[in-house]
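Per-chain numbering from 1; labels A, B, C and D assigned in written order.
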Amino acid sequence: MLSKYAIKSPWLYRINTGSCNGCDVELATTALIPRYDVERLGCKYTGSPKHADIVLVTGPITVRAEDYLIRMLDEIPEPRVIVAIGICPISGGIFRDSYSIRGPLDKYVEVDVNVSGCPIRPQSILDGVAQAIAIWKDKINQFHEA
Amino acid sequence: MITLSASSVFAYLLFPGGLFAILFGLILLSVERIAVARFQGRVGPPIYQNIFDILKLRIKEVLIPEDVTNRFMFAIAPVFGFVGMMTAIFILPVSGVYGGTGANSDLIVLVYLMALPAVSHILGGSASGSTFAAISVSREVILMFAYEISFIIVLFTVALEAGAGEGVVFSLKGIVDYQVIHGSFISNFKMIPAFLAFVIFMLATLEVPPFHIAENDGDVMKGYLMEYSGMPLAFFEITHALKLIVLLTVLQVFFMPGIAGYNVFFNLLWFIGKSAVVVIGIALIHASMPSFRVDQAFKFLMTVPILLSLMSLGMVLFL
Amino acid sequence: MDTAALGEATAFIHGHTAEVLHIICTAIFIFCGIKALFHKELKKVLIYSLIGLVVDIRSLLTLDSSLALSAFYYHVFNFLVIVGMMLITARSLTKKAGSGKLYDMRGFGRAVPWTAAPLAAGLFAMMGLPPFSVFFSKYLMIAAFVDSGNIISSIVLAGGEVLYFLVFIRVIRVIFLDKYRGEPIEDRKPRELFPVYIFLAFITIGGLIPGIAVKPFVALADAMGSQVTDLPPMGLSWPIATLFLAAGSALVFFLGQKSNKRAGLLSSLLCLLAMPTLFFSDAGIYGISFAFLILFMGALQFFYSVSYMEHSHKQYRFYTFFLIMIAGLLGVSLSGDLLSMFFFWEIMSGWVMYLALAHEGDGFSIQEATKYFTFNYLGAAFLLAAVTVVYNETGHWNYTKIADNFQYTRPMAIAVLLLTLSFLMKAAQLPFRIDFQMHPKPAPTPISGYISSTVLKSGPFMMVKIFFLASGGVVATTLFPLESIMHVTGWIGALTIIIAASFAMLTNSMKRLLIFHTVSQLGYVVVGCSLMTSMGLAGGLLHFVNHMFFKNLLFLCAGAVFISTGTDKMDRLGGLARKMPITFFCFMIGVLSIAGVPLYSGFVSKWMIYHGVMESGFVGIAILALFGSVLTLASFIKFMHSAYLGQIQENVRDAKEASWYMLLPMSVLAGLSVLLGVFPGIALAPVNRILVEFSMQPLDITASSITFGADSIDMLFIVSILFMGMALAGLVYLLTQTKTRKTHVFVCGVGDLTCEDSHVSSVNFYEDAKGFIKGSVRIIKKIIGLKGDYIER
Amino acid sequence: MAGFFKIAIRNFLNGPTTDPYPFGETFTPEKYKGIIAYDPELCIGCSTCEYVCPSGAIKVTEKDDGTGVRFVFWLNTCSFCGNCGYYCPTDAVYNSNDFHTARHQSEKFIPTIDDDISYVRCKRCEQKIKAPVEALLIRAYDEITEEVRHQTSLCPDCRRQEQFERM
């Protein structure tokens, strides 16, 4: 099937739902600084959710960011992989039982890979992306069977 | 009437036209991305990266914004640019390899065909109804309006120089033949400013960082392509690759068509070599230049390239 | 006073005090003009203007030719008749209004039409407009001056009339065009009106059959004993089509009172019926093809205005004036000689057009229509002087005879220059004040569309004829060599393209943008025609035809949008393409062909113009012209984005698609634009025969390809390549049949953005580049003296 | 502009300095605070770590059948602050420099460390006490004599009882 070639170019898209930007800085370093070049895997940060394949979500879904997240997740085309970056989206992290966050990402969308850490290391992002690519391959096949 | 002979269909679909140009363009785009990465000290993507981008987009789901203003225009927009570029490649002669389509490979037709990708971006962006797209469409129009002047002046300078004083040569084949006999224009001192102006025009048309404004990731993210996904987006990527090839061919037709060897294969290698060198030069500028703001770019484009091209036009006319 | 005394009186005047007399008369002339202009009383205004104009004729006495004398008698007689008639009506109007004040009679023209009509007719007659006899007496006067050699004073005389023109226009505006507010008053009984209408009939007959009317005055001049020089023949040649349409307009005036639909359809039918009459006319292929186009466009325009004028009032009056204007235009294209051409030229752009343009009746449209009418009147004044000079030099009116014995002497050079000047003014080319030379925005769309696409074309149409005539004669002077006139015209055309298109980049009203583009596209036609080489002229004429179709198409789309949304401002519109898809589709075809995209008609003619210009070696003009097409594309993208695409706005939500009355003409024009884009041969066949008529080497064309010397192009070949690309794209689309899903537009997930603030409207579309464009436009404004925000409004 | 050209050319000539992580080993600083590690032998079940952990990643609970103390650590909420390693008296919990924290969704709710220490019976009164931890003994006494061994194997009451008898 074509998915064997298609997985060679996963496009990443970052959604920040109120994170402290620790993980976002790490995400930025994976792409831009020469040391952890994510482009080697064929990845590229895209500007629009409609081009996204692997969605990297950071931040504990705060009350204000909730409906933005719901609307954004609807705009991402189907064979997609959701990666929760950092402990905040996975479980709310340090802010777990605070009044202003709406709980882990699982409530809104079916997450595929969790990369925990506060903040995560660029290498673990590369790990997460590698795992996401593997999952994405099966999703592509399922998408085309359906 | 239509002379759709087998050779012209072959030329359109396979060799210097469709498949070869698309693949060569995509590879050149990847080469440019690798060169930029290497200039920044990174490894950069594998060379087949852009090809797999297209293949990946093919399998993606196509999203259509529900309050899109005109679905037909939203779907037809990418095809405009694609068709324009395919025709442009078909009529452009590659020295020593492909002779263009004789009478019809004409400069004025080329000018209007090269404006089609910008038109397709504009139509697509404004038909999608998104605000980011609207802002980037207005930027694209301002830029297009600014860099077209220098391109037109360069065009006429080359046409007049190829006419060698007594007339004007509008056919592209004529320009190439003139340079083959009298030495290519790059070596002609009168044409150096025009060459610089054309390079600036190339950077502006290809949206390479000094002019990476309409799709600037900083403020309008993906600009006019914001609402596209799946196959229409793949068409825009293919059009971008074809536009790179068209610009390289036009650069070589205008300024350095020198035929190296005799058989087609050697000329083709010479053509690919020259294109690769130019692409790496573009990558160098890409890696080491920040982007203009729109009004800075507009002022820059309205002064520097126009003066350069007017200088060489003056030299051609009065020297 | 017997003849001898009069004879020596003229000699005495003529003797040594002519200069003193001259100065006194001019002083009186100007004094009366100013007085009349600002006076309150209607009667006083009329009397002052009479004194001024009669004094103005005094200079006739300085010439001692009999032509001058008979002209003097005829002119004075006409004036007496007209002013007598106007004074009677003025007396009856003052009786009705209770006071003589002009402003108390506001709107009387509408309240008591039958009593006030002679006043209007008299005022138009005093201006020297066609159907009345003063037109010929004024012409005789100027002929007398030209005959005696001083052309300059004839031009001054013709120009001087403009002062009195302003006086009359003021009266007409107050009495006829303003609303009537007083209590209803009834017309006078026909028995009292009878004498006034006899006078009116007398001067109208004098205007229609001038030859007979002038006989008694010539006899009187002979009686005075001065030697008789033969009068210039004043026979008019009325083409059949013009007669047919003139009669038709009367028919529409009476039959159309009841239903607007019937009036519209009837006039459209009339235009179609007039077409067969063209075969009998002997006006040569050039005139006939232009006439055919006039009638074809007229039919479409009327069919369109059946539903456009639905909401308007008194449509039959609009249709009548429109039909008379078309009749005038037909006269210009079909007439075989210069005098009748000038006669119909005056009808076409005279008071008929003024009343049709001011049809809406609100202050703004009247003011703009008056500005345009003054501009046309000035142009016609130059034309009158030039036409008489041409007759004087060649001794004939008929084109073919003029062409035979045409010597390019000093006066003839001035005449050709004046002719080109007035035709350029008609074609609205710079560097004249652009807000005057452009036809008014608030006029109803059918007529402003028709003026843009067809009536303004009479300028270049005649310019080509004059260039052809002038290029035939032997050159006897170095004053204004023909080549330099043509070259300067080319440069004026090129500058107009750039300046008008850059104005269009800034304006915010739909129709003003379209009118700016008409001016710039006419620049292309002028550039093409001013080359007078076979490729250049063919390109100019083809653009002449293409522009007619796509410009009218754009105007009709703008009209449809105006009707369904009620606003003409682009920045209040947005997202129309959802509600009016067919209009949008036609609009897109219009935009793509005006920008010159290869598949559409604009490209072929522009291609030919560029080749023609470069062949003649004018690189500057070619660069400006090619850049003009980029400017056009840029401003139309602004129009397209802010009006049709982008987010849908509030006031557009309930817009409905235009009725099929409007859509039919639009789709016909859109089809023609595409057809001529792919098969330009259809329009080029008649153009080739015109080239032969103008004794130039025709291009060898097939249905779709044009070859001339080295450069050639085959549109079908290019279009087939484009279609192959589209087929390829379509194939690829079919192969990837992936699922599609509807989602909302990406605005970072924000939910509460209203449509207004998420739509980039035309006001801030070029915000970033505005500094540069505004700076250059400010310089241009200073040059051509345009004040205020005329462009932006 | 010229400055950047020089840097770009130098980068081009020196070649990429990218760390070959997914396809090769990467440098991890020795003291990098990665996933925490737990050594049951050293743990005395004092649950200081649970107390100091800001994000509640560690749970030290009595086993339901009362045979020992269960130490549960859930990676997905640990913020790698190192409090537990710092405050643990016996250094049973310490930060390893393992940064591979990417887990599939299905493994999300599997506790990363789920270990337990079992109680020891007091020699005299058979009461459950926590086993003595060698590291603590070393730190507490200069040298571990037989006596110390004996004392630590008794429950506090018995130890008090024995001391009392010895007096």
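Simple rule for what comes next: contacts are C-beta pairs under 8 Å (C-beta built on N, C-alpha and C of every residue); 3 or more make two chains touch, one makes a residue touch a chain.
Small disclaimer: the values here were computed from a predicted structure and weren't measured.
Trainee: Consider the two chain pairs A-B and A-C; indicate the one with the greater count of contacting C-beta pairs.
Mentor: Result of the comparison of A-C and A-B: A-B.
Trainee: Of all the chains, which has the CA centre nearest the overall CA centre?
Mentor: Minimum centroid-to-centroid distance belongs to B.
Trainee: Distance from the CA centroid of chain C to that of chain D, rounded to the nearest Å?
Mentor: Those two chain centres are 94 Å apart.
Trainee: Please tell me the distance, in whole Å, between the geometric centres of chain A and chain C computed from their C-alpha atoms.
Mentor: About 65 Å separates the centre of chain A from that of chain C.
Trainee: Could you put a whole-Å number on the gap between the CA centroids of chain A and chain B?
Mentor: Centre separation, chain A to chain B: 35 Å.
Trainee: For chain A and chain D, let me know how many angstrom lie between their CA-based centres, rounded off.
Mentor: Centre separation, chain A to chain D: 30 Å.
Trainee: Mind pulling the chain D residues that touch 2 or more other chains?
Mentor: In chain D, residues 11, 16-18 touch at least two other chains, as defined above.
Trainee: Can you list the chain A residues in contact with two or more other chains?
Mentor: 34, 37, 40, 48, 50, 75, 77-78 - these are the residues of chain A that touch more than one other chain.
Trainee: Using the touch rule from the top of the page, what residues of chain C touch 2 or more other chains?
Mentor: 739, 741, 743-744, 746 - these are the residues of chain C that touch more than one other chain.
Trainee: Using the contact rule from the top, write out all pairs of chains that touch.
Mentor: A-B, A-C, A-D, B-C, B-D
Trainee: Hey, which residues of chain B end up touching chain C in the complex?
Mentor: It comes out as residues 1-4, 12-13, 18, 58-70, 72-73, 78-79, 82-84, 86-87, 90-91, 101, 103-104, 106, 108-109, 111-113, 115-116, 119, 122, 126-132, 134-135, 137-139, 141-142, 144-146, 148-149, 152-153, 156, 159-160, 167-168, 170-171, 226-227, 230-231, 235, 293-295, 298-299, 302, 313, 317.
Trainee: Considering the complex alone, what residue numbers of chain A touch chain B?
Mentor: For this pair, the touching residues of chain A are 2-3, 5-11, 34, 37, 39-40, 42, 44-48, 50-51, 53, 75, 77-79, 140, 143-144.
Trainee: Can you check the complex and tell me which residues of chain D touch chain B?
Mentor: Residues in contact with chain B: 1, 4-5, 7-9, 11-12, 14-18.
Trainee: For a test of understanding, state which residues of chain B touch chain A in their complex under the given definition.
Mentor: 33, 37, 40-46, 48-49, 52-53, 55-56, 58-63, 215, 217, 220-223, 225-230, 233
Trainee: Going by the contact rule at the top, pick out the chain A residues touching chain D in the complex.
Mentor: Per the stated touch rule, the residues are 34-37, 40-41, 87, 90-94, 96, 110-118, 120-121, 123-124, 126-128, 130-131, 135.
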